[in-house]
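Per-chain residue numbering starts at 1, and chain names A, B, C, D and E are given in the order in which the chains are listed.
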Amino acid sequence: MQIAQVRGTVVSTHKEPSLRGAKLLLLQFIDADGRLLPEYEVAADWIGAGVDEWVLVSRGSAARQIEGNQSRPLDALVVGIIDTVSVDNRNLYSKREQDRSSFP
Amino acid sequence: MQIAQVRGTVVSTHKEPSLRGAKLLLLQFIDADGRLLPEYEVAADWIGAGVDEWVLVSRGSAARQIEGNQSRPLDALVVGIIDTVSVDNRNLYSKREQDRSSFP
Amino acid sequence: MQIAQVRGTVVSTHKEPSLRGAKLLLLQFIDADGRLLPEYEVAADWIGAGVDEWVLVSRGSAARQIEGNQSRPLDALVVGIIDTVSVDNRNLYSKREQDRSSFP
Amino acid sequence: MQIAQVRGTVVSTHKEPSLRGAKLLLLQFIDADGRLLPEYEVAADWIGAGVDEWVLVSRGSAARQIEGNQSRPLDALVVGIIDTVSVDNRNLYSKREQDRSSFP
Amino acid sequence: MQIAQVRGTVVSTHKEPSLRGAKLLLLQFIDADGRLLPEYEVAADWIGAGVDEWVLVSRGSAARQIEGNQSRPLDALVVGIIDTVSVDNRNLYSKREQDRSSFP
(Lines give C-alpha, C1' and ligand atoms only; values in the text may rest on other atoms or scores of the structure.)
Protein backbone atom coordinates (compact mmCIF):
# COMPACT_ATOMS: atom_id res chain seq x y z
CA MET A 1 0.00 0.00 0.00
CA GLN A 2 1.00 3.61 -0.41
CA ILE A 3 0.48 6.49 2.02
CA ALA A 4 -1.57 9.32 0.53
CA GLN A 5 -3.34 12.49 1.59
CA VAL A 6 -6.94 13.17 0.63
CA ARG A 7 -6.84 16.27 -1.57
CA GLY A 8 -10.29 16.38 -3.14
CA THR A 9 -13.05 14.59 -5.02
CA VAL A 10 -13.89 13.54 -8.56
CA VAL A 11 -17.52 13.55 -9.74
CA SER A 12 -18.69 11.58 -12.76
CA THR A 13 -22.37 11.09 -13.57
CA HIS A 14 -21.91 9.35 -16.94
CA LYS A 15 -19.99 6.24 -15.87
CA GLU A 16 -19.98 2.44 -15.77
CA PRO A 17 -23.31 1.47 -14.12
CA SER A 18 -21.55 -0.69 -11.49
CA LEU A 19 -19.74 2.40 -10.18
CA ARG A 20 -22.98 4.16 -9.16
CA GLY A 21 -22.85 5.20 -5.54
CA ALA A 22 -19.05 4.98 -5.34
CA LYS A 23 -17.40 7.99 -3.69
CA LEU A 24 -14.20 8.82 -5.58
CA LEU A 25 -11.39 10.64 -3.77
CA LEU A 26 -8.35 12.31 -5.27
CA LEU A 27 -5.39 11.07 -3.21
CA GLN A 28 -1.91 12.53 -3.52
CA PHE A 29 0.96 10.20 -2.59
CA ILE A 30 3.31 10.96 0.29
CA ASP A 31 6.94 9.84 0.46
CA ALA A 32 8.72 8.14 3.37
CA ASP A 33 9.76 11.59 4.70
CA GLY A 34 6.18 12.84 4.83
CA ARG A 35 6.31 15.10 1.75
CA LEU A 36 3.66 15.27 -0.99
CA LEU A 37 4.69 13.60 -4.25
CA PRO A 38 3.34 14.61 -7.69
CA GLU A 39 1.81 11.11 -8.14
CA TYR A 40 -1.87 10.68 -7.29
CA GLU A 41 -4.62 8.12 -7.52
CA VAL A 42 -8.39 8.47 -7.78
CA ALA A 43 -9.66 5.79 -5.39
CA ALA A 44 -13.03 4.52 -4.19
CA ASP A 45 -13.73 5.17 -0.52
CA TRP A 46 -16.27 3.35 1.64
CA ILE A 47 -14.78 4.14 5.03
CA GLY A 48 -15.40 7.88 5.03
CA ALA A 49 -11.99 9.55 4.76
CA GLY A 50 -12.03 13.36 4.88
CA VAL A 51 -9.99 16.05 3.15
CA ASP A 52 -6.39 16.40 4.48
CA GLU A 53 -6.45 13.02 6.25
CA TRP A 54 -3.68 10.54 5.55
CA VAL A 55 -4.91 7.19 4.24
CA LEU A 56 -3.61 3.85 3.00
CA VAL A 57 -4.44 3.08 -0.64
CA SER A 58 -4.37 -0.40 -2.22
CA ARG A 59 -4.03 -0.68 -5.97
CA GLY A 60 -4.71 -3.32 -8.60
CA SER A 61 -7.01 -6.28 -8.03
CA ALA A 62 -6.72 -5.64 -4.25
CA ALA A 63 -9.24 -2.81 -4.76
CA ARG A 64 -11.93 -5.38 -5.53
CA GLN A 65 -11.40 -7.59 -2.46
CA ILE A 66 -14.22 -6.10 -0.41
CA GLU A 67 -17.90 -7.08 -0.27
CA GLY A 68 -19.75 -5.54 -3.22
CA ASN A 69 -16.63 -4.45 -5.17
CA GLN A 70 -15.81 -7.85 -6.72
CA SER A 71 -17.04 -6.98 -10.19
CA ARG A 72 -16.56 -3.23 -10.27
CA PRO A 73 -13.90 -1.86 -12.66
CA LEU A 74 -11.89 -0.32 -9.80
CA ASP A 75 -8.09 -0.36 -9.49
CA ALA A 76 -7.64 1.73 -6.32
CA LEU A 77 -9.29 1.68 -2.88
CA VAL A 78 -8.90 3.54 0.41
CA VAL A 79 -8.33 0.69 2.90
CA GLY A 80 -7.66 2.65 6.10
CA ILE A 81 -7.41 6.08 7.69
CA ILE A 82 -3.94 6.40 9.20
CA ASP A 83 -3.50 7.17 12.92
CA THR A 84 0.30 7.18 13.05
CA VAL A 85 3.31 6.57 10.84
CA SER A 86 6.53 5.79 12.70
CA VAL A 87 9.90 5.74 10.95
CA ASP A 88 13.17 4.96 12.79
CA ASN A 89 11.24 5.07 16.09
CA ARG A 90 10.12 8.68 15.64
CA ASN A 91 6.64 9.85 14.70
CA LEU A 92 6.42 10.96 11.06
CA TYR A 93 2.67 11.59 11.30
CA SER A 94 0.00 11.54 13.98
CA LYS A 95 -3.64 12.15 13.12
CA ARG A 96 -4.33 13.44 16.65
CA GLU A 97 -1.72 16.21 16.37
CA GLN A 98 -2.92 17.03 12.87
CA ASP A 99 -6.48 17.45 14.18
CA ARG A 100 -5.29 19.59 17.08
CA SER A 101 -3.30 21.91 14.80
CA SER A 102 -6.50 22.45 12.79
CA PHE A 103 -8.28 23.91 15.86
CA PRO A 104 -5.79 26.22 17.51
CA MET B 1 -7.87 5.41 -11.43
CA GLN B 2 -6.04 8.12 -13.29
CA ILE B 3 -7.47 11.31 -14.78
CA ALA B 4 -6.87 11.57 -18.53
CA GLN B 5 -7.93 13.64 -21.51
CA VAL B 6 -9.20 12.02 -24.71
CA ARG B 7 -6.68 12.98 -27.40
CA GLY B 8 -7.56 10.70 -30.28
CA THR B 9 -8.25 7.19 -31.56
CA VAL B 10 -6.32 4.07 -32.54
CA VAL B 11 -7.61 1.87 -35.37
CA SER B 12 -6.53 -1.75 -35.79
CA THR B 13 -8.24 -4.13 -38.22
CA HIS B 14 -5.86 -7.07 -37.79
CA LYS B 15 -6.30 -7.81 -34.08
CA GLU B 16 -7.33 -10.42 -31.51
CA PRO B 17 -10.83 -11.58 -32.60
CA SER B 18 -12.30 -10.84 -29.14
CA LEU B 19 -11.42 -7.14 -29.58
CA ARG B 20 -13.69 -6.70 -32.62
CA GLY B 21 -16.09 -3.85 -32.07
CA ALA B 22 -14.03 -2.28 -29.30
CA LYS B 23 -13.52 1.48 -29.67
CA LEU B 24 -9.97 2.34 -28.66
CA LEU B 25 -9.19 5.84 -27.41
CA LEU B 26 -5.80 7.46 -26.93
CA LEU B 27 -5.89 9.03 -23.47
CA GLN B 28 -3.18 11.36 -22.18
CA PHE B 29 -2.77 11.49 -18.41
CA ILE B 30 -3.33 14.66 -16.41
CA ASP B 31 -1.56 15.52 -13.16
CA ALA B 32 -3.13 16.77 -9.89
CA ASP B 33 -2.63 20.37 -11.08
CA GLY B 34 -4.58 19.79 -14.29
CA ARG B 35 -1.60 19.67 -16.68
CA LEU B 36 -1.07 17.10 -19.46
CA LEU B 37 1.61 14.50 -18.68
CA PRO B 38 3.66 12.66 -21.33
CA GLU B 39 2.19 9.30 -20.18
CA TYR B 40 -0.77 7.92 -22.09
CA GLU B 41 -2.90 4.82 -22.33
CA VAL B 42 -4.89 3.31 -25.19
CA ALA B 43 -8.14 2.27 -23.51
CA ALA B 44 -11.38 0.62 -24.57
CA ASP B 45 -14.43 2.88 -24.32
CA TRP B 46 -18.05 1.75 -24.15
CA ILE B 47 -19.53 4.87 -22.59
CA GLY B 48 -18.95 7.22 -25.51
CA ALA B 49 -16.27 9.70 -24.40
CA GLY B 50 -15.43 12.41 -26.91
CA VAL B 51 -12.22 14.18 -27.90
CA ASP B 52 -10.98 16.72 -25.27
CA GLU B 53 -13.21 15.34 -22.50
CA TRP B 54 -11.64 14.38 -19.19
CA VAL B 55 -12.22 10.77 -18.20
CA LEU B 56 -11.34 8.27 -15.49
CA VAL B 57 -9.28 5.30 -16.67
CA SER B 58 -8.91 1.99 -14.80
CA ARG B 59 -5.94 -0.21 -15.57
CA GLY B 60 -5.01 -3.84 -15.11
CA SER B 61 -7.58 -6.58 -14.50
CA ALA B 62 -10.10 -3.86 -13.54
CA ALA B 63 -10.51 -3.23 -17.29
CA ARG B 64 -12.21 -6.62 -17.63
CA GLN B 65 -14.78 -6.19 -14.84
CA ILE B 66 -17.64 -5.19 -17.10
CA GLU B 67 -20.20 -7.36 -18.89
CA GLY B 68 -18.69 -8.74 -22.09
CA ASN B 69 -15.08 -7.77 -21.32
CA GLN B 70 -14.27 -10.69 -19.00
CA SER B 71 -12.16 -12.58 -21.50
CA ARG B 72 -10.87 -9.80 -23.70
CA PRO B 73 -7.11 -9.07 -23.57
CA LEU B 74 -7.67 -5.50 -22.33
CA ASP B 75 -5.64 -3.73 -19.64
CA ALA B 76 -7.24 -0.25 -19.73
CA LEU B 77 -10.84 0.97 -19.72
CA VAL B 78 -12.64 4.33 -19.67
CA VAL B 79 -14.91 3.98 -16.61
CA GLY B 80 -16.42 7.47 -16.45
CA ILE B 81 -16.63 10.89 -18.08
CA ILE B 82 -15.60 13.46 -15.46
CA ASP B 83 -17.96 16.30 -14.50
CA THR B 84 -15.78 18.01 -11.90
CA VAL B 85 -12.44 17.61 -10.15
CA SER B 86 -12.12 19.50 -6.87
CA VAL B 87 -8.76 19.91 -5.12
CA ASP B 88 -8.40 21.80 -1.81
CA ASN B 89 -12.03 22.93 -2.15
CA ARG B 90 -11.46 24.72 -5.45
CA ASN B 91 -12.54 23.53 -8.89
CA LEU B 92 -9.64 22.13 -10.92
CA TYR B 93 -11.90 21.12 -13.80
CA SER B 94 -15.55 21.48 -14.72
CA LYS B 95 -16.96 19.85 -17.87
CA ARG B 96 -19.72 22.48 -18.06
CA GLU B 97 -17.27 25.38 -18.26
CA GLN B 98 -15.12 23.45 -20.71
CA ASP B 99 -18.15 22.96 -22.98
CA ARG B 100 -19.13 26.61 -22.71
CA SER B 101 -15.64 27.84 -23.63
CA SER B 102 -15.90 25.70 -26.77
CA PHE B 103 -18.96 27.65 -27.95
CA PRO B 104 -18.17 31.31 -27.32
CA MET C 1 -2.58 -0.70 -23.94
CA GLN C 2 0.61 0.93 -25.12
CA ILE C 3 1.70 1.69 -28.67
CA ALA C 4 4.96 0.00 -29.61
CA GLN C 5 7.10 -0.71 -32.65
CA VAL C 6 8.35 -4.21 -33.45
CA ARG C 7 12.14 -3.99 -33.24
CA GLY C 8 13.23 -7.62 -33.21
CA THR C 9 12.90 -11.10 -31.74
CA VAL C 10 14.02 -13.02 -28.67
CA VAL C 11 14.82 -16.73 -28.95
CA SER C 12 14.89 -19.05 -25.95
CA THR C 13 15.10 -22.84 -26.30
CA HIS C 14 15.47 -23.64 -22.59
CA LYS C 15 12.20 -22.22 -21.22
CA GLU C 16 9.00 -23.03 -19.36
CA PRO C 17 7.41 -25.95 -21.29
CA SER C 18 4.10 -24.09 -21.69
CA LEU C 19 5.88 -21.37 -23.69
CA ARG C 20 6.92 -23.78 -26.47
CA GLY C 21 5.78 -22.48 -29.82
CA ALA C 22 5.32 -18.92 -28.60
CA LYS C 23 6.85 -16.29 -30.89
CA LEU C 24 8.45 -13.58 -28.75
CA LEU C 25 8.85 -10.07 -30.16
CA LEU C 26 10.93 -7.22 -28.80
CA LEU C 27 8.64 -4.19 -28.81
CA GLN C 28 9.88 -0.66 -28.14
CA PHE C 29 7.31 1.77 -26.76
CA ILE C 30 6.26 4.89 -28.63
CA ASP C 31 5.08 8.10 -26.98
CA ALA C 32 1.99 10.18 -27.83
CA ASP C 33 4.08 12.24 -30.29
CA GLY C 34 5.21 9.17 -32.23
CA ARG C 35 8.76 8.98 -30.89
CA LEU C 36 10.53 5.82 -29.69
CA LEU C 37 10.89 5.59 -25.91
CA PRO C 38 13.67 3.66 -24.14
CA GLU C 39 11.09 1.34 -22.53
CA TYR C 40 10.41 -1.99 -24.20
CA GLU C 41 8.53 -5.20 -23.63
CA VAL C 42 9.12 -8.74 -24.87
CA ALA C 43 5.62 -9.90 -25.83
CA ALA C 44 4.06 -13.04 -27.26
CA ASP C 45 2.61 -12.63 -30.75
CA TRP C 46 0.02 -14.88 -32.39
CA ILE C 47 -1.26 -12.43 -34.98
CA GLY C 48 1.89 -12.19 -37.08
CA ALA C 49 3.28 -8.68 -36.57
CA GLY C 50 6.37 -7.87 -38.60
CA VAL C 51 9.51 -5.79 -37.94
CA ASP C 52 8.90 -2.00 -37.96
CA GLU C 53 5.11 -2.33 -37.68
CA TRP C 54 3.31 -0.45 -34.92
CA VAL C 55 1.28 -2.66 -32.58
CA LEU C 56 -0.86 -2.49 -29.47
CA VAL C 57 0.52 -4.37 -26.47
CA SER C 58 -1.51 -5.45 -23.43
CA ARG C 59 0.31 -6.18 -20.19
CA GLY C 60 -0.39 -8.07 -17.00
CA SER C 61 -3.08 -10.73 -16.72
CA ALA C 62 -4.65 -9.34 -19.94
CA ALA C 63 -1.91 -11.21 -21.82
CA ARG C 64 -3.51 -14.52 -20.82
CA GLN C 65 -7.06 -13.71 -21.96
CA ILE C 66 -6.82 -15.52 -25.28
CA GLU C 67 -7.56 -19.15 -26.14
CA GLY C 68 -4.57 -21.31 -25.19
CA ASN C 69 -2.73 -18.64 -23.15
CA GLN C 70 -4.74 -19.03 -19.93
CA SER C 71 -2.06 -20.89 -18.02
CA ARG C 72 1.10 -19.64 -19.69
CA PRO C 73 3.44 -17.45 -17.60
CA LEU C 74 3.06 -14.48 -19.97
CA ASP C 75 2.69 -10.83 -18.94
CA ALA C 76 2.68 -9.13 -22.36
CA LEU C 77 0.81 -9.82 -25.61
CA VAL C 78 0.53 -8.19 -29.05
CA VAL C 79 -3.25 -7.65 -29.38
CA GLY C 80 -3.40 -5.76 -32.69
CA ILE C 81 -1.42 -4.38 -35.62
CA ILE C 82 -2.13 -0.66 -35.81
CA ASP C 83 -3.57 0.88 -39.01
CA THR C 84 -3.80 4.48 -37.85
CA VAL C 85 -3.22 6.63 -34.77
CA SER C 86 -5.04 9.97 -34.79
CA VAL C 87 -4.24 12.70 -32.24
CA ASP C 88 -6.05 16.06 -32.23
CA ASN C 89 -7.68 15.12 -35.54
CA ARG C 90 -4.39 14.72 -37.39
CA ASN C 91 -2.75 11.46 -38.41
CA LEU C 92 0.19 10.57 -36.16
CA TYR C 93 0.74 7.24 -37.92
CA SER C 94 -0.65 5.40 -40.91
CA LYS C 95 0.48 1.88 -41.75
CA ARG C 96 -0.38 2.42 -45.43
CA GLU C 97 1.97 5.39 -45.78
CA GLN C 98 4.64 3.53 -43.82
CA ASP C 99 4.40 0.59 -46.25
CA ARG C 100 4.51 2.89 -49.27
CA SER C 101 7.62 4.70 -48.03
CA SER C 102 9.30 1.28 -47.77
CA PHE C 103 8.79 0.66 -51.52
CA PRO C 104 9.61 3.95 -53.21
CA MET D 1 10.15 -9.42 -5.46
CA GLN D 2 12.01 -6.37 -4.29
CA ILE D 3 14.57 -6.10 -1.49
CA ALA D 4 13.53 -3.64 1.22
CA GLN D 5 14.54 -2.56 4.71
CA VAL D 6 11.99 -2.36 7.52
CA ARG D 7 11.89 1.31 8.52
CA GLY D 8 8.80 1.57 10.71
CA THR D 9 5.13 0.87 11.20
CA VAL D 10 1.78 2.29 10.12
CA VAL D 11 -1.19 2.18 12.51
CA SER D 12 -4.79 2.50 11.31
CA THR D 13 -7.75 1.77 13.58
CA HIS D 14 -10.48 2.91 11.18
CA LYS D 15 -9.94 0.51 8.28
CA GLU D 16 -11.49 -2.22 6.13
CA PRO D 17 -12.79 -4.85 8.61
CA SER D 18 -10.88 -7.66 6.88
CA LEU D 19 -7.58 -5.92 7.68
CA ARG D 20 -8.08 -6.17 11.46
CA GLY D 21 -5.11 -7.82 13.07
CA ALA D 22 -2.80 -7.17 10.15
CA LYS D 23 0.59 -5.75 11.13
CA LEU D 24 1.59 -3.09 8.59
CA LEU D 25 5.28 -2.31 8.07
CA LEU D 26 6.82 0.62 6.24
CA LEU D 27 9.45 -0.88 3.95
CA GLN D 28 11.97 1.23 2.04
CA PHE D 29 13.33 -0.31 -1.16
CA ILE D 30 17.01 -1.10 -1.62
CA ASP D 31 18.83 -1.09 -4.96
CA ALA D 32 21.14 -3.77 -6.37
CA ASP D 33 24.12 -1.97 -4.78
CA GLY D 34 22.59 -2.10 -1.29
CA ARG D 35 21.56 1.58 -1.06
CA LEU D 36 18.20 2.85 0.19
CA LEU D 37 15.89 4.13 -2.57
CA PRO D 38 13.19 6.78 -2.06
CA GLU D 39 10.47 4.25 -3.03
CA TYR D 40 8.66 2.44 -0.23
CA GLU D 41 5.74 0.11 0.31
CA VAL D 42 3.45 -0.41 3.29
CA ALA D 43 3.17 -4.20 3.47
CA ALA D 44 1.40 -6.73 5.68
CA ASP D 45 3.74 -8.90 7.74
CA TRP D 46 2.89 -12.27 9.30
CA ILE D 47 6.42 -13.60 9.69
CA GLY D 48 7.62 -11.12 12.29
CA ALA D 49 10.22 -8.92 10.58
CA GLY D 50 11.88 -6.33 12.81
CA VAL D 51 13.11 -2.78 12.28
CA ASP D 52 16.31 -2.53 10.17
CA GLU D 53 16.03 -6.09 8.83
CA TRP D 54 16.16 -6.67 5.10
CA VAL D 55 13.12 -8.45 3.70
CA LEU D 56 11.63 -9.63 0.42
CA VAL D 57 8.35 -7.97 -0.54
CA SER D 58 5.86 -9.32 -3.08
CA ARG D 59 3.39 -6.94 -4.68
CA GLY D 60 0.08 -7.20 -6.47
CA SER D 61 -2.17 -10.24 -6.25
CA ALA D 62 0.82 -12.24 -4.93
CA ALA D 63 0.19 -10.55 -1.56
CA ARG D 64 -3.05 -12.52 -1.22
CA GLN D 65 -1.60 -15.99 -1.92
CA ILE D 66 -1.30 -17.01 1.71
CA GLU D 67 -3.83 -18.71 3.98
CA GLY D 68 -6.26 -16.13 5.33
CA ASN D 69 -5.24 -13.29 2.98
CA GLN D 70 -7.25 -14.44 -0.06
CA SER D 71 -9.97 -11.82 0.27
CA ARG D 72 -8.14 -9.00 2.03
CA PRO D 73 -7.56 -5.79 0.04
CA LEU D 74 -3.76 -6.10 0.29
CA ASP D 75 -1.28 -5.39 -2.50
CA ALA D 76 2.03 -5.92 -0.66
CA LEU D 77 3.33 -8.67 1.64
CA VAL D 78 6.59 -9.46 3.45
CA VAL D 79 7.38 -12.98 2.16
CA GLY D 80 10.79 -13.56 3.77
CA ILE D 81 13.47 -12.16 6.06
CA ILE D 82 16.71 -12.06 4.08
CA ASP D 83 19.80 -13.89 5.35
CA THR D 84 22.19 -13.04 2.52
CA VAL D 85 22.25 -11.22 -0.81
CA SER D 86 25.13 -12.20 -3.11
CA VAL D 87 25.96 -10.21 -6.25
CA ASP D 88 28.83 -11.19 -8.58
CA ASN D 89 29.93 -13.79 -6.02
CA ARG D 90 30.48 -11.24 -3.25
CA ASN D 91 28.27 -10.67 -0.23
CA LEU D 92 26.16 -7.51 -0.58
CA TYR D 93 24.33 -8.17 2.70
CA SER D 94 24.51 -10.66 5.53
CA LYS D 95 21.98 -10.59 8.36
CA ARG D 96 24.50 -12.23 10.72
CA GLU D 97 27.07 -9.44 10.26
CA GLN D 98 24.33 -6.84 10.53
CA ASP D 99 23.25 -8.31 13.88
CA ARG D 100 26.83 -8.48 15.10
CA SER D 101 27.51 -4.84 14.24
CA SER D 102 24.47 -3.91 16.33
CA PHE D 103 26.03 -5.49 19.44
CA PRO D 104 29.69 -4.45 19.37
CA MET E 1 8.56 -9.86 -20.25
CA GLN E 2 11.76 -8.03 -19.54
CA ILE E 3 15.31 -9.07 -20.45
CA ALA E 4 17.56 -9.40 -17.41
CA GLN E 5 20.97 -10.71 -16.45
CA VAL E 6 21.45 -13.09 -13.53
CA ARG E 7 23.63 -11.21 -11.05
CA GLY E 8 23.34 -13.26 -7.87
CA THR E 9 21.17 -15.00 -5.32
CA VAL E 10 19.03 -14.12 -2.33
CA VAL E 11 18.80 -16.55 0.62
CA SER E 12 15.97 -16.43 3.15
CA THR E 13 15.41 -19.20 5.70
CA HIS E 14 12.63 -17.48 7.65
CA LYS E 15 9.97 -17.10 4.95
CA GLU E 16 6.43 -17.96 3.89
CA PRO E 17 6.20 -21.79 4.17
CA SER E 18 4.98 -22.12 0.57
CA LEU E 19 8.25 -20.60 -0.67
CA ARG E 20 10.40 -23.43 0.74
CA GLY E 21 12.56 -24.92 -1.95
CA ALA E 22 12.26 -21.93 -4.24
CA LYS E 23 15.57 -20.73 -5.69
CA LEU E 24 15.59 -16.93 -5.73
CA LEU E 25 17.79 -15.11 -8.25
CA LEU E 26 18.72 -11.44 -8.31
CA LEU E 27 18.12 -10.30 -11.89
CA GLN E 28 19.24 -6.92 -13.19
CA PHE E 29 17.25 -5.53 -16.11
CA ILE E 30 18.82 -4.84 -19.50
CA ASP E 31 17.67 -2.16 -21.92
CA ALA E 32 16.98 -2.52 -25.65
CA ASP E 33 20.61 -1.57 -26.38
CA GLY E 34 21.99 -4.36 -24.18
CA ARG E 35 23.07 -2.19 -21.23
CA LEU E 36 22.44 -2.98 -17.56
CA LEU E 37 19.72 -0.82 -15.96
CA PRO E 38 19.57 0.01 -12.24
CA GLU E 39 16.21 -1.81 -11.93
CA TYR E 40 16.24 -5.38 -10.70
CA GLU E 41 13.86 -8.11 -9.65
CA VAL E 42 14.26 -11.05 -7.27
CA ALA E 43 12.60 -13.89 -9.17
CA ALA E 44 11.96 -17.59 -8.58
CA ASP E 45 13.84 -19.90 -10.94
CA TRP E 46 12.96 -23.52 -11.73
CA ILE E 47 14.76 -23.83 -15.03
CA GLY E 48 18.30 -23.51 -13.72
CA ALA E 49 19.64 -20.17 -14.96
CA GLY E 50 23.25 -19.43 -14.05
CA VAL E 51 25.14 -16.27 -13.11
CA ASP E 52 25.76 -13.88 -16.07
CA GLU E 53 23.16 -15.56 -18.30
CA TRP E 54 20.46 -13.43 -19.90
CA VAL E 55 16.93 -14.53 -19.06
CA LEU E 56 13.32 -13.55 -19.64
CA VAL E 57 11.41 -12.56 -16.50
CA SER E 58 7.61 -12.44 -16.18
CA ARG E 59 6.07 -10.34 -13.46
CA GLY E 60 2.75 -10.14 -11.67
CA SER E 61 0.25 -12.99 -11.63
CA ALA E 62 2.10 -14.52 -14.62
CA ALA E 63 4.71 -15.74 -12.11
CA ARG E 64 2.16 -18.16 -10.68
CA GLN E 65 1.08 -19.77 -13.97
CA ILE E 66 3.27 -22.83 -13.65
CA GLU E 67 2.55 -26.18 -12.00
CA GLY E 68 3.10 -25.88 -8.25
CA ASN E 69 3.33 -22.06 -8.14
CA GLN E 70 -0.41 -21.34 -8.22
CA SER E 71 -0.72 -20.42 -4.57
CA ARG E 72 2.79 -19.15 -3.80
CA PRO E 73 3.15 -15.42 -3.02
CA LEU E 74 5.48 -14.86 -6.00
CA ASP E 75 5.39 -11.86 -8.35
CA ALA E 76 8.40 -12.64 -10.58
CA LEU E 77 9.57 -15.76 -12.41
CA VAL E 78 12.40 -16.71 -14.76
CA VAL E 79 10.53 -18.13 -17.77
CA GLY E 80 13.41 -18.75 -20.18
CA ILE E 81 17.17 -18.62 -20.70
CA ILE E 82 17.83 -16.42 -23.73
CA ASP E 83 19.77 -17.78 -26.72
CA THR E 84 19.66 -14.69 -28.92
CA VAL E 85 18.22 -11.18 -28.98
CA SER E 86 17.98 -9.61 -32.45
CA VAL E 87 17.20 -5.92 -32.93
CA ASP E 88 16.96 -4.33 -36.40
CA ASN E 89 18.24 -7.58 -37.91
CA ARG E 90 21.53 -7.51 -36.01
CA ASN E 91 22.47 -9.66 -33.04
CA LEU E 92 22.29 -7.75 -29.75
CA TYR E 93 23.13 -10.85 -27.71
CA SER E 94 24.10 -14.44 -28.37
CA LYS E 95 24.53 -16.91 -25.52
CA ARG E 96 26.94 -19.01 -27.63
CA GLU E 97 29.38 -16.12 -28.12
CA GLN E 98 29.01 -15.15 -24.47
CA ASP E 99 29.99 -18.70 -23.43
CA ARG E 100 32.90 -18.74 -25.84
CA SER E 101 34.29 -15.46 -24.54
CA SER E 102 34.23 -17.00 -21.04
CA PHE E 103 36.61 -19.79 -22.17
CA PRO E 104 39.23 -18.07 -24.29
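One rule holds for everything that comes next: contacts are C-beta pairs under 8 Å (C-beta built on N, C-alpha and C of every residue); 3 or more make two chains touch, one makes a residue touch a chain.
Quantities reported herein were computed from a predicted structural model and do not represent experimental measurements.
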Minimal step count in the chain contact network, chain C to chain E: 1
Inter-centroid spacing, chain D versus chain A (mean Cα positions, whole Å): 22
Chain centre separation in whole Å, for chain E relative to chain B (CA means): 35
Numbers and ranges of chain A residues touching at least 2 other chains: 60-61, 63-64
Chain order, ring traversed from chain C with chain E following: C, E, D, A, B
Chain B-facing residues of chain A, complex: 7-16, 18-19, 24, 26, 28, 38, 40-43, 51, 60-61, 63-64, 71-76
Interfacial residue positions of chain C with respect to chain B in the complex: 1-3, 31-32, 47-48, 56, 58-66, 77, 79-89, 92
